[in-house]
Amino acid sequence: MDLATLLGIIGAIGIVAMAMILGGDPVIFVNIPSLLIVIGGSLFVVLSKYSLGQFLGAVKVAAKAFAFKLESTEEIIGVLVDVAQVARKGGLLALEDKEVDNKYLKNGMQLLVDGQDREVVRTMLSKDRAMTLERHKWGAKVFTSIGDVGPAMGMIGTLIGLVQMLSNMDDPKSIGPAMAVALLTTLYGAMLATMIAIPIADKLTLRMTEEAQIQSIIIDALLAIQSGQNPRVIEDMLRTYLPAGVRDDATFEQPAQE
Amino acid sequence: MDLATLLGIIGAIGIVAMAMILGGDPVIFVNIPSLLIVIGGSLFVVLSKYSLGQFLGAVKVAAKAFAFKLESTEEIIGVLVDVAQVARKGGLLALEDKEVDNKYLKNGMQLLVDGQDREVVRTMLSKDRAMTLERHKWGAKVFTSIGDVGPAMGMIGTLIGLVQMLSNMDDPKSIGPAMAVALLTTLYGAMLATMIAIPIADKLTLRMTEEAQIQSIIIDALLAIQSGQNPRVIEDMLRTYLPAGVRDDATFEQPAQE
Amino acid sequence: MDLATLLGIIGAIGIVAMAMILGGDPVIFVNIPSLLIVIGGSLFVVLSKYSLGQFLGAVKVAAKAFAFKLESTEEIIGVLVDVAQVARKGGLLALEDKEVDNKYLKNGMQLLVDGQDREVVRTMLSKDRAMTLERHKWGAKVFTSIGDVGPAMGMIGTLIGLVQMLSNMDDPKSIGPAMAVALLTTLYGAMLATMIAIPIADKLTLRMTEEAQIQSIIIDALLAIQSGQNPRVIEDMLRTYLPAGVRDDATFEQPAQE
Amino acid sequence: MDLATLLGIIGAIGIVAMAMILGGDPVIFVNIPSLLIVIGGSLFVVLSKYSLGQFLGAVKVAAKAFAFKLESTEEIIGVLVDVAQVARKGGLLALEDKEVDNKYLKNGMQLLVDGQDREVVRTMLSKDRAMTLERHKWGAKVFTSIGDVGPAMGMIGTLIGLVQMLSNMDDPKSIGPAMAVALLTTLYGAMLATMIAIPIADKLTLRMTEEAQIQSIIIDALLAIQSGQNPRVIEDMLRTYLPAGVRDDATFEQPAQE
Amino acid sequence: MDLATLLGIIGAIGIVAMAMILGGDPVIFVNIPSLLIVIGGSLFVVLSKYSLGQFLGAVKVAAKAFAFKLESTEEIIGVLVDVAQVARKGGLLALEDKEVDNKYLKNGMQLLVDGQDREVVRTMLSKDRAMTLERHKWGAKVFTSIGDVGPAMGMIGTLIGLVQMLSNMDDPKSIGPAMAVALLTTLYGAMLATMIAIPIADKLTLRMTEEAQIQSIIIDALLAIQSGQNPRVIEDMLRTYLPAGVRDDATFEQPAQE
C-alpha cells in the first residue's frame, strides 16, 4: 500500500470535509445532478479521448500502483545478491526453486533456467520493461486528462446553473441558494482535479521512473549472474545504484569482499 | 465506428442536456445569435489560420477516423500471416487475388505483384505512411485551433451581451434574463472546446500513432514476404509488436513452430 | 490574395458586427479612448519589444503575404519542368529570356546564366531561403506579441474604467453605462487578439513552411538543370514532393517517359 | 545564511503585513480553518504526489540551502590553489591533515590520500555530484508543487465559503464579513505560492546550478593535483571559470607565474 | 539610446495616463500603500529568487542596453574593413593606434597587437562572448520574474483591500471608493508587467542575439586579419552576414574588387 499517497489524499479530503462541517449543515455541499455533470461528464469526455481499453487499463494501473508497494532499491539489491549466491552454488538451474516476490525478476530467472541466450534475455527483459513504462505512461495520461477536463466540466455546470438562475429571478430569496448550487460544480471540478486526478497522475509518473530503475537493476544483475560472476562483484556493481549516503554506510565490509 | 469516442461525446452531451432539462425550461439554453457567434465565428477564425484545403481536409480526416474502426494489432498480424502463407504457396503473383480490407496493405501487395524492387517498395510505403501522418497531424491541429478559439469567441460574445445589457438598464426585470443570454456564448464556447473539439483533436493524435504503428508492421511484413521468408518466422517477428501479456498467451504453439 | 484568411477574418468580424447591430444601437460599442488604449497601447508596447525596423518589417511581410498568393506545389513543378525543357533545348544561356513570375526562381536562373559554380548556386540560394524564413519568423513573432499584449491592455483599460466608476457613484443611473464602457477595452483586446493578430501570426508561420518547401523544390530543380539532367527525370524527382493521391493521377504517362 | 532570499521573503511579507495593519484591524486576516485548508491541504496534496522520504528530503534540502552559504567561485579557487600547494610540497598524503570546509572537497581529498585510481576518483566524484543535483532537483520539484497546489486549495476554500454564505443569506449584515472570510483562503494560497513556495523552488534550482559548477571545478582541480601539476598551472586553468572582468583584475601577476 | 523601446514604453504610458486624466481626477489612481505592495513587494520577491549580485547586475545590464545603441551590422562591417586596411598597410602592430568605439573589438585588436596565438585569440574572444550572453540572459530572467510576480502581488493587494472592505461595510457610500482602491494594485501589477518588465525582458533577449551576432562577425574578421587576408576578401566574407536586399545594393563594385 502506497502510504504517502493514501495518507495525502485522505488527509486533504478530511481537511476539506472538516471545513464543510464546521461551517454549518454539510448537506448543502451534496447535489446529485452537479456530481453527475462533473464526475459523469468528465469520465465520458476522457473516454472519448481514448479507447475503452486504454481507459480501463489506466484504472487498473492506478489500482495496482496503490495496492502493491514498490520494493526499495536496497531491498531489491538484497534479493538479487541472494539470487546470485543461489546461482553460484547450485548453477542457473537452481534458480527454478528460488522463491521471489517480484514478478519481473521471476520471469527473468525463468529465462536463465530455460538456458536462453544472453541477447534473448536482454531483449525480452528490455521489451517488457518498455511495455511497463508504456502502460504507466498511458495511466498517467488518462488521469492528467481527468485533471484537465474536471474543472472545465465544473465551469460548464456552473454556467448552466447561472443561466437557469438568471432566467428566473422572481423570488429574490431563492437567488442565494440557487447560486450556491451553481457554484458546487466548480467546487467539485476543482476538488476532482487538485486533490485526486492530478496527484494520481503525478504519482504514476513518479512510480514509472522508480519501477523502470528497479527493472534496470534486475536486468544488469541477471546478465551478470548468467555470465557466472562472483556475487560480491555483483553486489559492488549494484551498490553504485544507491545514493552516496546509504552507499557509505555499507562500505565497511567492502575491503574484505574483494 | 469508433465506439469509445462516440459513446464518450454522446454521453457527455447527454448528461449536460439532462441537467438543462431537469433545471426547468431547456429552451432558455437555445439562442441563435449566440450559437452563430460561437460556432460561426470560431469556424471563420480557424479558417483564417489555414487554407481552405487544410480546413476541409481536417473535417474529412475526422469523419474517416470515426466512420472506420482501426484494426487491432492482433487482427492485422493475423491478416499478414495469412498473406504470407498465400505468397509462400502461390508465389508473389498469387497476392493479386488475395482480398484484404486494409487499403494500405492492398497498395503494398500490388507493389509486390508488380515485381518492384525492395528499395522501391520500402520507399513508396514509407512515403505514404509519412503522408498519412501528415494528414492526421493537420486534422488534429485544426481541431485544436477550434478548441482554442471557441472559448475566446464565447468570451467575446458574453462581453457584447454584457455591454448591451449594461447600456440599457431601465427595466430591472430584464437584467437577469439579459445576463443569462450573455452567459450562453461562454457556455457554448466551453462546451464546443471541452466536449467536442479537444476530444476529437486528442483522438486524431492517438489514432495517428496507432495507424503509423500498424503501417510499420505492414511494411516489415511485406518486406519479409518479398524476401521469401517462412510464414512462421514472420509470425514470430510480428508477435514482438504485441504487449507481453497477449504475447504469452500465444507462446504455447511457438516451440513447435521453429 | 489569400482567400481563406481574408474570408475568415471578414466573416468572423461580420458575425460579431451582426450581433452588435441585432442587440440594439451599435454605437454603444464605439469608444475612441478605449480604442486608443487597446490599439495604440498595444502597438506602442510591441514596438518597445522590437526595433522600429523589425516592427515595420512585420507589417510589410504580412501585407505581402496577403497580397500575393503562393503558387501551389503543382504549379511550381509545372514551371520548373518548363524551365528544364528550355535549358535542355537552348542551353543554360537560353534561360536569360525565359519569363517566370517567381522572383526567387528568377534569381536562381540568373545564377545559372552567369555560369556560377554549383556550390555557389547552392550556397546563395540556401542563404536567401534562410533569410526569407527569418523575415517570416519575425513577422509571426511581432503579430504573436500583439496577440499577447492586446488582451493585457484591454484588462488595463477596464481596470481604469472600473476605478473611475467606483470612485464616483453618486448617480446610480450612470453605473451601468460606465461599466459598459469599462468592459469595451476588454472586448477590443479579445477581438484584436483572437480575430486578427493570432490568425495572422499563425498564417505567417504556415506560409513560412510552405514558402520554404517551394524554395527547396526550386533549389533541387535548378541544381538538376545545371547538371544537364533530362527534363523527364527532373519531373519524376519533383513529383515525389506531391501527396500520394495527386502523384498517382499523373502516373499514367510515367512509363512512357523513361 | 543566504541573505538575498531571507531578506526578500521577509521584506515581501513585511510589506504585505504593513498593508494589513494600515487598513485597520489586522485580526480580520487571521482565520484558523482557512489556514488549515490552504497550508494543511496543500501539504497533504503534495505529500500524495511524492513519497514521504522525498517530501521530507525536500524540506531538508531547503533548510540546508538557507543555513549554509555557498562559497563563491573565487573562494573555492583560492582554497583549491592552497590544496594544490600543500600536495606539491608534502605529496598527496599531506592532504590528510589539510583542513577544508567544503565536504565534497574533503571527500575528494580523502580519495587522493587513499591512493585511488584516477578513473575511480573521477567516477565517484561525478556520481556524488549527480546525486547532489538529483536531491536539489527533487527539492525544487516539491516546492514547485506547493506553488501549484496552494492557489488551487485557496480557490477550493473560497468556493466552500461562498456556498456556505449563499445558502444562508437571512442576515444581510453578515454577508460582507462571510465573503471576507471566504476570500481569505484565496489570499493565503496566493501568498503561499508567490511569496514563499515559488521563490524557494527557483532559489533551489539556481543553487543547484551553482553547486554543480563548484563541484565541477573541484573535480578538475583534484584530478590535476593527483597528476602532480604545478599549482600555478592549476590556478591558470581554474581562472578560466571566472567572468572576464574578475579574471582581468588578477592578470597582473600572471606573466611572472609562467 | 534605444529609440524604439523608449518611444514604446513612453508612448504606452502616455496613452494610459491620458485615459486616466480624461476620465476625471487622475489623483484617484495614486495610492502609496498600493504602490508599495506592488513595486516593493515584487522587487523583494524577485530578490529572494536570485542573489543580490544577480539582481543588481540585471539592472545594470538593462541600463547599459538602453544607454548605448548597438551598431548595425552594416556599421560594424564598415569599421572592420577599415581595421583590415590599416593592418594590411601597417602590419598588426599598426592596430595599436587605430581608434574604435566597440570595446569588444578593441580588446580583440589588442590581442593581435600582443602577437597572441590564433587559438588563444579565438578562445578568449569566444569566452568573452559567452560571458556577455550569460549576463544578458540573467538580465532578461530577472525582468521576466518581475513580469511574473507583479500581477501576482497585484492580486494579493486587491484581495487584502477586498477583505478589509467586506469586513467593514457600515457605510454604503464608502464601498465604491474602497473597492476602487482595492483594484488599484491589480492595475499597477498589470501595468508593471505588460508595459515595463516584459518589454524590457524581451528587448534584452533580442539584444542578446544581436550582440552575439556582431561579436561573431568581429571574431571572424579578426582571425582573417591576423592571417593576413586581403581587405576585399574580408569584405566579401562579411557581406554574407547582410540580408539579401542590402547585399545586392553593394554588388556593383564587387567585380572590380577581385
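In this document, chain identifiers A, B, C, D and E correspond to the written order of the chains, with residue numbering beginning at 1 in each.
Here, a residue touches a chain if its C-beta (ideal position, glycine included) is under 8 Å from a C-beta of that chain, and two chains touch if they have at least 3 such contacts.
This is a predicted model, so every value here is computed, not measured.
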Q.
Once the contact rule is applied, which chains count as partners of both subunit A and subunit E?
A. D
Q: Note the rotational component of the Cα superposition from subunit C to subunit D, reported as an angle of 0 to 180 degrees in steps of 5.
A: 145
Q: Would you kindly tell me how far, in whole Å, the mean C-alpha position of subunit C lies from that of subunit A?
A: 46
Q | subunit B-subunit C separation of Cα centroids, rounded to whole Å | A | 28
Q) Should the ring be read from subunit D with subunit E in second place, what is the ordered list of chains? A) D, E, C, B, A
**Q.** Complex contacts: residues of subunit A adjacent to subunit B
**A.** 33, 36-37, 40-41, 44-52, 55, 127-128, 131, 135, 145, 149, 152-153, 155-157, 159-169
Q. Can you list the residues on subunit A that touch subunit D in the complex?
A. 2-9, 11-12, 15-16, 18-20, 22-25, 28-29, 176-177, 179-180, 183-184, 186-187, 190-191, 193-195, 198-199, 202-203, 206, 240, 243-244
